[in-house]
Amino acid sequence: MTAPATAPATHDRLPALLDAIRAFLAARVLPLEPELLQREFRDLLPRLAALRAEVKAQGMWAPFLPASLGGLGLSLAEYAEVSAVLGTSPVGHYVFNCQAPDVGNMELLHAHGSPALQKRWLAPLVAGDVRSCFSMTEPEFPGSNPVWMGTRAVRDGDEYVVTGRKWFTSSADGAAFAIVMAVTDPDAPPHRRASQIVVPMDAPGVRLVRNVRIMGEAGSDWASHAEVQYEGVRVPVGNRIGRQGEGFALAQERLGPGRIHHCMRWIGICERALDLMCRRAVSRELSPGKPLGLQQQVQFWIAESRSEIDAARLYVLDTARRIDAEGAAAARDAISGIKFHVAGVLQRVLDRAIQVHGALGVTDDTPLAYWYRHERGARIYDGADEVHKASLAKRILKRYGMEARE
Amino acid sequence: MTAPATAPATHDRLPALLDAIRAFLAARVLPLEPELLQREFRDLLPRLAALRAEVKAQGMWAPFLPASLGGLGLSLAEYAEVSAVLGTSPVGHYVFNCQAPDVGNMELLHAHGSPALQKRWLAPLVAGDVRSCFSMTEPEFPGSNPVWMGTRAVRDGDEYVVTGRKWFTSSADGAAFAIVMAVTDPDAPPHRRASQIVVPMDAPGVRLVRNVRIMGEAGSDWASHAEVQYEGVRVPVGNRIGRQGEGFALAQERLGPGRIHHCMRWIGICERALDLMCRRAVSRELSPGKPLGLQQQVQFWIAESRSEIDAARLYVLDTARRIDAEGAAAARDAISGIKFHVAGVLQRVLDRAIQVHGALGVTDDTPLAYWYRHERGARIYDGADEVHKASLAKRILKRYGMEARE
Amino acid sequence: MTAPATAPATHDRLPALLDAIRAFLAARVLPLEPELLQREFRDLLPRLAALRAEVKAQGMWAPFLPASLGGLGLSLAEYAEVSAVLGTSPVGHYVFNCQAPDVGNMELLHAHGSPALQKRWLAPLVAGDVRSCFSMTEPEFPGSNPVWMGTRAVRDGDEYVVTGRKWFTSSADGAAFAIVMAVTDPDAPPHRRASQIVVPMDAPGVRLVRNVRIMGEAGSDWASHAEVQYEGVRVPVGNRIGRQGEGFALAQERLGPGRIHHCMRWIGICERALDLMCRRAVSRELSPGKPLGLQQQVQFWIAESRSEIDAARLYVLDTARRIDAEGAAAARDAISGIKFHVAGVLQRVLDRAIQVHGALGVTDDTPLAYWYRHERGARIYDGADEVHKASLAKRILKRYGMEARE
Amino acid sequence: MTAPATAPATHDRLPALLDAIRAFLAARVLPLEPELLQREFRDLLPRLAALRAEVKAQGMWAPFLPASLGGLGLSLAEYAEVSAVLGTSPVGHYVFNCQAPDVGNMELLHAHGSPALQKRWLAPLVAGDVRSCFSMTEPEFPGSNPVWMGTRAVRDGDEYVVTGRKWFTSSADGAAFAIVMAVTDPDAPPHRRASQIVVPMDAPGVRLVRNVRIMGEAGSDWASHAEVQYEGVRVPVGNRIGRQGEGFALAQERLGPGRIHHCMRWIGICERALDLMCRRAVSRELSPGKPLGLQQQVQFWIAESRSEIDAARLYVLDTARRIDAEGAAAARDAISGIKFHVAGVLQRVLDRAIQVHGALGVTDDTPLAYWYRHERGARIYDGADEVHKASLAKRILKRYGMEARE
């Protein structure tokens, strides 16, 4: 994803776009939240589909995509700002067809999928007609060691035979296809063992074992995380994305932009949480005429949140700009750094917002508890914080002459 | 609740009692956990009832109660240790009939209920034949200002007419009666306005509006927190506990022992979380032959948790001993201090345990996510941490000569 | 301080300037550090004077000053980056004549001093021939309430008679003059009571009571913080800077740029501390062949420091750019926010760097202990963190409709 | 150090003893503090000697020593409480002849010194006629790996020839002798290589290179930390304490009681800091009639400090009681745990106390800055926190079946 030639012009329209998205969210999406927080995601699908149609009609669909694919051709730094706005609602990204894991899958298929794969799977994904999932994490292997996995794709003539157990395959429930990370070359060096293969979810041998209950909810449809069994699933060799053994490299490539998306979504959540905190602070009275906002502790939480969010936002935007300008490799330190930095800010801000809301804060009457539960994972998914800290430090220390070691 | 004359003898049997409870939990209660974490509490009721019968048969029922009521006559400090053991399972207290809010209601009725109330309500509660709830917090008034509430009990002849809206009336779903805090003397000084009144849940005008969805779950039966409407509910004046206007004083009295119960339950949760952390550390491999426990960060979390739990446990036990020996008033500083101190330890330990479990940690395949969600409230319920910090500091500063002020 | 018309051109030369300063510091200033850390500042004066002459000769003198005054005419954002480089040594700013409090005094005299004052005091200050101090904080009045002070300047004909006690008058020892904040209009509204008045340090009635021992050192000359008694000191009315009663407003005006200077100096300290941390991590062995940098905790501290510094730096630079573009009033939130945010990062980074150095870290064999001691004040001077948090929060809550109150 | 048979009786007199010590500190020692904080320790020696004589005359001298040696025969748990009281002043322990490192050296010579060594060195140490030091840490070897050192003691007939460089030999300046840890058996297993040898400081070849400047102060006499060169120093073989190769084991043995002493001294510092915080909170006004103690943040710091100190104190006392009752080996986990736990509390409490004092907090007008500087080392000396965390965690994980590894 590189900055289009029209970037300067695009930039000019960014503020207007952000305003339009904000207005749409306020008018059309936020009113849906109470139900969203109290009911199954699946039950909301028809109304969400209607909203998606509106977004498409208003020309704001999938803004991160190049214009050639029907998107707005935003640079990464520009889309980052969009993502922060969308992140203020739990379904913001979904309504604009910017939701993970589809956004990453679109990028992957766009950059590395064969024309046939693009026609068969990318096109309907871009159109929002189908959803997809990314099947990588395994219950028996640590997510923090991405080159160690049990799922195998064994070549048999023109087919791969895929066998293995995955979990945390987000949004598998209702997805049309999965991109499965599987070992194709078990004897290659660790980083060259796996490939990424498109597996239709209705292929024989694919079994959605369960939507894993996470923090009290099994969830449904897009809002779910499945355990999936692949049992001798046969797919054509042409379903592979990129070259054989390139699976890990493609996953890495996906990381830079994906990290920006996540981090800016978290910034959006922070902004909403801070907004809720302030609204509560001025409206809740501790005694007649004494709003909560007069409490010094509440004031300090607001101030600390404001400054932490601002610093974090600038850190992510700067990283996005450097990826736009110099590529992900040049920004690798920051791509690691923003992961754990912003995840930490997110957790602190949500925690403060809940405390300011008191008993209301732990109910599902606000989105705070939703995020508190579902974004506890922010410090775990996309590489646990600890993995990124170690990785950043080792790169820094290498420049000081320390050899890498396990 | 004072230490019985037989305390020394009792003390001798405490280690054996703790061992017996640990053994019962391990053999009979823990096997139930997976279902408990994945299903409605209501569905488990028959099996939980069977376990309760076993506990009763083994003479370990309601150990905090005096022997005259069928309990074990433990001192507060002794029961504190029992509570820590029971706390290692989400239903430990329930199975031993030590669960909040029934335990507090039993203490209240025992100490201040009329013989008629004791016969009608205390006896079946002690027997475990019914459950109860305590209806104090209101959605429109801050829990941190306990003397400001909207619910009224207006005297009309030999009856009170109770009207108001409560929420976070824990375990109202399925309860036989509520103890309702209501303003009976609106013109009295703030701390003398309210009374505590027994209201049968099937009385006309009592309406369970909803089990409030908390952190993704509405819950059911004992494991729920209801919003309850009292609409002109008529109860005999004899349903009042203690004297009119004494409601706040009785609530205060309940605080000391109740605080110990809560804090030691949290200690129990911490112990379990640390145990799970250690089990995970030695069994999960990051690469072949390299368990997670070799990671220095994991080691540090284990060590920090161990020391924080030990210090916190001693702090609570010391407070319990002082309440036993000198009464709650003498231990008031510590009763405030343990609340926010232990709630903080609890949150940190749970957070570390989840992080050590990675993706598994946010699932409902371990009790960690259950506690992470449901004990976020530990910093809010029973008085928000901020209330207790302010209260402790003001008492300290008063001794240095600072006048109280709002 | 506004961005000069030549900003773009200036900007082009910024990287070269930063490189030149870095080279000068490495070659000429850092070798002086060991002595600086072990001896009196006063003893180093001749050698520091020689270095200052070199800086002047190389055209890097007082870069924050407009070209008309002999500076480099940098914008605030540009100078911010210079300040971060200078901050890597405890005497970096001093050697380049950018040291507080002189830099603020120069700005003040430049913007608001009469031609006579500029000729008499600004010129030699710019030339580095004299030093100055700013005399505001008083021992008996809280620094966090800047409108409450005891020092009086009573008009008597063409003179003010200044009487009062100040402390934390930094660098008074050896200064040629002080700018004294004194109440001239005791009956005016609080923010209009004080004026700023130039008082020569050799005027009768000025007495340097002591260099206050701070963290174990009384210090000397520029590196000191004096308690000063003004006892009926007579100065001409023309020594007033700006109008009578404008003292507080001028102090406020000074805050924006001054805050950027401080915060970027702290960023420089952080960079140096992180550099020392990394050098230590690769060179110190815990056992033969096992450098400290293999310890996961050390790695995490490095990673956390890198990310916190980067986010903080971007936060300050963004604030500087907004001040350049829109003025300090528009950036007021951020000017509050960076104060406590960066001070917090500074303290954490220094603390980690010391811990990584072990026993060496608490000695004066590295500059870490110097900063640890002298920058503990960073959370206190220039307005305690708590003042800025409250101030930021109140501005935010005001936009949500909460009235200001004490 | 075992509990004397008279423990119960002793215990009865403990409260009176603590009161007497408190009274002595308040009346005789605290008045000395201002000078202590502003001058060289050496300058205070005559007055401190007079105070020591008073303590001796009042029968409170060296209370940790057995009665047979002229002490009070307190158990470790009893002395712990004494240590907390003494710790409230920077020279409390010194005035009562309980100061490190002499206290540890007395214990060592008492338990393992030959009669000749006891007569020659222990007796005058007990009497307070001489001081001593413990020479273990080396600049070129990590303190966190105590079995790796460079100093050698080579047997030559009836003598050891000691050669090596030590630093952080606390109180070497003015000491009569050092107990030097030196490798005597370089080919033995790591933990059996070193021995402890008494070296008179006036022996030929002993050179006090410098009092290392620590946090801005080189210090003097007892209040100093020296770098010492041992250059072919010859001492009789009889100067060895215990058996050859037992040096590490003796150092370990010293750890349990030593840890209690340190931790309770820190608790004493915390109590003083909290006391100063409260005094400041009620006396310093932010505006007329509004003491600092009305600020919620100040209240929260007070409350958090109170609870953290209480929990920490109970943790240390419980550890001391277990050492008394079961020996140090049984309490090993807690001996590790209290080190980093209490050091953390100490740092937080001091930091808050300084912040509450504002500018005054960083001056040497209160003892806060003294402790802030000199107890930053608490997280480093006596084994860095990280060493103890790793050690505790490894012991815990071993019980879960994880093998030890490097």
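Read from first to last, the chains carry the letters A, B, C and D; within each, the first residue is number 1.
Criterion: a residue touches a chain if its C-beta (ideal position, glycine included) is under 8 Å from a C-beta of that chain, and two chains touch if they have at least 3 such contacts.
Note that this is a predicted model, so its numbers are computed, not measured.
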What angle of turn lays subunit A on top of subunit C when you fit their CA atoms, given in steps of 5 degrees? 180
So, comparing C-alpha centroids, which chain is the farthest one from subunit A? D
Which integer distance in Å separates the CA centroid of subunit B from that of subunit D? 42
Taking each chain's centre as the mean of its CA atoms, how far is subunit C from subunit D in angstrom? 38
Multi-chain contact residues (two or more partners), subunit A: 295-297, 300, 386
Subunit B - residues contacting subunit C, complex: 295-297, 300
Given the complex, residues on subunit B that touch subunit A span 37-38, 137, 139, 142-145, 148, 167-168, 212-217, 284-288, 290, 292, 295, 297, 354-355, 358-365, 369-370, 372-373, 376-377, 379-381, 384-386, 406
What part of subunit B is in contact with subunit D in the complex they form? 278-279, 281-282, 291, 293-294, 296, 298-300, 302-304, 306-308, 310-312, 314-315, 318, 333-334, 336-338, 340-341, 386, 388-390, 392-394, 396-397, 400-402, 405
